[in-house]
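In the two complexes below, subunit A is the common chain; its partner is subunit B in one and subunit C in the other.
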Partner chain A sequence: MKKMMELALGIVTSVGGFLEIGSITTAAQGGAIFGFKLVWAVLLGGLCVAFLVEQSGRLAAVSGHTIPDAIRERFGFNYYLFLLAVLALVTLLVLGSEIGGVCVALEMATGVRFQWWALAVALLMWLIIWKGTFSVVEYGTSILGLVTLCFVAGAVVLHPPWKQVAAGAVPTLPSHDRLRYWFIAVSILGASVSPYLMFFYSAGAVEDEWKEDYVAVNRFIAGTGMGFGTLISVAVLVVAALVFLPRGIQVDHYSQLGLILRDAFGAWGFWLVVASLFVACLGAAMEVTLELAYMVAQGFGWNWSENQPPKEEARFSLTYTAFIVLGALLVAVGIDPLRLTIFSMALTAATLPVAIVPFLFFMNDSDYVGEHTNSWFSNVVVVAIIGLAFVLAVVTIPLEIFGGG
Partner chain B sequence: MASEQHDTARVYRGAARTGRGRARRVVTLFVLLSLSGACAQDPRKQTRQELQTLSSWAATLHLLGEAWLERSVPSRYAQQTLHEARQTLQEEAQTIRQSSSIPADARAALIGHAQQLDRLAGGLSEEVQTGDPTDTPQVLTQVAQEQQALADLARGVGAR
Partner chain C sequence: MDLVRDCLDKQLVDRHGRRMGRVDGIVIEIGGDAQPRVASVEVGVVTQVSRLHPRLGRFAARLARRWGKAAGDPYRIPWSQITATGVNVTAGVEAEKTPAFAWEKWLRAKVVGRIPGA
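Moving on, here comes the complex of A and B:
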């Protein structure tokens, strides 16, 4: 019974917590400019993340190791430090984007400029993390995050041409703006296959005290939860393709997103977008913050747990406090949240190989995963993801320059 | 485990050494490509980009105006979005004015459309501020005319 509850909660968490500023923005831009042609990128990203999340959960459940912890042990402290430096920098930009997303939602609702909300949002996040437990952060925001299902309802209400949507699952080149097409595709993949998601998931499995008998539960949660979550991203793309593309609206500014559900729900549409943006970005911002603190604390061997009082893990608490302040400062100085998001998603794609390559080693090492080593199929998929990650790393910067538009 | 770590480190160091020269060439190529990209903008491409941006904001003004008329969006949001639109349109006019790669006649036409859209956004903004939508349908008709004019211009330069 307990496992059934955890299963249900895990799926709800994956669905409600799937959308964040990167996936909303990149899917909306993709749909607004290229219609259904980038459905394949969202699906591919979802498939990759489901595989990687399942493996990070399996690693944590069987070995009791989180990913940073295992990386330090298996590859040495120098590689861990290199990974920390690269990922912390990029993830900090992602944190800034997520905080920016919450602030933009508040700007839409109140008319007060987003910069002015940065410190208030930072304080709210800090209070929830400081006072709350892992369950409050993860389940609380994810259950509220179910509001993002409004995009799925919106897509259904607008009656899309389903055959064309399905045809978008097969990559085809557009007749115009090919560089921009590839740039958005890379950004969609960067938004989906974020290392922070895998790192956070493995830390969550340790926080929730998963053991070896959770391997099947983990597999089901990763597959089903990420599958449904991916459908929400597809729905954002579909709605943008139906509402923005025929009118010629590109998503050049966040404020334009406020109109995305107007055709489907009238006046309710605006408030659903505001609520979705607020909850999804707040949840993601707290997860990213915790992931940054986990990554530092787990690598350096400090006490870490969101379930312990801050006084018992002062360095962990100080680390997340510092990251919240830094993330909020990026927004408070007035950096455009949309540009920050697109830039950080592309950079995330560029840093994927350093985060993903270690999986191939852990998941085939019986010292870590016992009898639950990868099957040949899983290894083929991970190698394919690593290959994709290398391609993304190589093409991201030229695409940023030529296709970022 | 320790020897495995040592081997892994040695493999990485070896790969790093052999890959260093290649990496340097790739970085140099990226820098050269970036510089050439920055220096030599295709005039048609830049004109198309500016047209897309103007058309996108014209369509946004139209949809926003309709939504505000139906009370589907709050006035505060409409006001803020109109402010963003005006700021972007003014920046676009400035960018187009300074662009040497856009032909002079296209530049003049684009600046004219950007300024006209800015004026229309200003008109909408005043109506939102006063809460009086009497003239809004008329402003929206003018926005639609601008959209049409931009579409005609886009066909002229071969945009989608």
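Moving on, here comes the complex of A and C:
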């Protein structure tokens, strides 16, 4: 019974927590400029992340250790510190994007410029994390996050040509803007396959005290949760393709996002977008914050848990406080949230190799996962993802320069 | 036991299972004709930084002597108190009373404890 409940909650978490500023904007841009042609990138990203998240959860359930733990233990202090420096920098930009997303939602609702909201949003996040427990952060935002299903409803209401949507699952080159096409494809992949998501998931499994008998539960949650989540991203892309493409709107300003559901739901559509953006980005901002602090605390072996009062873990709670301040500053100084998002999603794709290569080692290490080591099939998939990650890492920066505009 | 694989960088927990840092270094005594002997494990920023580069380590040691909260960083735990258990390493000490918790206690008293709701 307890497990059924957790299963249900786990899937709600993955569905309600899937969308964030990165997946919304990259999918919306993809649909607005290239119609259904980039559906494959969303699906590929979802498939990769489902595999990696399943492995993160399995590692944590069997060993009680998270990915940063295992990286420090198996690859040593220097590699860990290198990874921390790279990921913390990129993840901090992602945090800025998420806080920016919350602020954009508030600007859309009130008309007050986004940067004025940064400190208020930072304070709200900090209060929830400071006073709340892991369940409050995880389930609270995820259950409210189910509002993002409005994109799926919107896609259905608009009666898209399903055959063409399905055809987008197979990559084809567009006749125009090829560099832009690849840049958005890379951003979509970076938005879905982000290291912070896997690291956070493994820490969550430890916070929720998963044990070895959760291996099956974990597999089910990772598969269905990420599957449904990917479906919502596809829905965003489909709606954008139907609404923006015919009107020539390229989503180069975040205020255009407010129009995305108007054809489907009229005036209500605007408020559904505002609510979705607010909840999804607030949830993601808190998860990213915690993940940054987890990554530091775990690597150095400090006491960490979102379930203990801050004074039981002073270093951990000050670390997340500092990250919230830094993330909010990025928004408060007025950096455009849309540009920051696109930039940080592509950069995330560039960091994937350093974060994913270690999986191949500890997912085959019986000291960690006991008899639950990767099957040959999972290993083949991880090797393929690593190959993809290396390609992304090499092409991202040139694409950022030539195709980002 | 393989020292680097099974001990170095492992999560160090105290006798109550409380996380108290990681095995940042291992001290081995080599003297005369006697066999090399594992003397202790080290915990602390100075040891961590030394692993990046010895010169950085000396610099960190100077800073630690000047500003550090932990007397005698790096903190050494005698090997006799260490047991490696699976993916963790247990030290038969009380984490709160060791220099490994000096910064934690200082921050708790001076900063976090003063913020409401902590």
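In the analysis below, the second predicted complex is superposed on the first by the 405 of 405 C-alpha atoms of A that agree within 3 Å, B and C clash if a C-alpha of one lies under 4 Å from a C-alpha of the other, contacts with A are read in each partner's own complex, and residues count from 1 in each chain.
We adopt the following convention: a contact is a pair of C-beta atoms (placed from the backbone, for glycine too) under 8 Å apart; a residue touches a chain by one contact, two chains touch by 3 or more.
Just so it is clear, the structure is predicted and the values come from calculations on it, not from any experiment.
Student: So, does A:I24 touch the first partner subunit B, the second partner subunit C, both, or neither?
Tutor: neither
Student: Could you tell me if A:G76 is touching subunit B, subunit C, both of them or neither one (first, second, both, neither)?
Tutor: After superposition on chain A, A:G76 lies in contact with both partners, subunit B and subunit C.
Student: Taking the superposition as given, does A:V288 touch the first partner, subunit B, the second, subunit C, both, or neither?
Tutor: neither
Student: After the superposition on A, what does A:E107 contact: first (subunit B), second (subunit C), both or neither?
Tutor: The answer is first: A:E107 touches subunit B but not subunit C.
Student: Is A:G266 touching the first partner subunit B, the second partner subunit C, both, or neither of them?
Tutor: Touch status of A:G266: first partner only.
Student: Which partner chains sit in contact with A:A314 here, subunit B, subunit C, both or neither? Use first/second/both/neither.
Tutor: Only subunit C is touched by A:A314; subunit B is not.
Student: Contact-wise, after the overlay, does A:D367 reach subunit B, subunit C, both or neither (first, second, both, neither)?
Tutor: Both partners.
Student: For subunit A, what residues appear in both contact lists, the one with subunit B and the one with subunit C?
Tutor: 74, 76, 78, 367
Student: If you look only at subunit C, which of its residues touch subunit A in the complex?
Tutor: Residue list for subunit C touching subunit A: 8-12, 18-22, 24, 48, 51-52, 86-87, 103-105, 107-108, 111-113, 115, 117-118.
Student: Once bound in the complex, which stretches of subunit A touch subunit B?
Tutor: It comes out as residues 74-76, 78-79, 107-111, 175-177, 247-250, 252-253, 255-256, 258-259, 262, 266-267, 269-270, 367, 394, 397-398, 401-402, 405.
Student: Within their complex, state which residues of subunit A touch subunit C.
Tutor: So the residues of subunit A touching subunit C come out as 63-65, 69, 72-74, 76-78, 80-81, 130-131, 299-304, 309-311, 313-315, 317-318, 367-368.
Student: Quick check: in the complex, which residue numbers of subunit B touch subunit A?
Tutor: Where subunit B meets subunit A, its residues are 1, 5, 8-9, 12, 26, 30, 33-34, 37, 49, 52-53, 55-60, 62-64, 67, 70-74, 76-77, 79-81, 84, 88, 147, 159-160.
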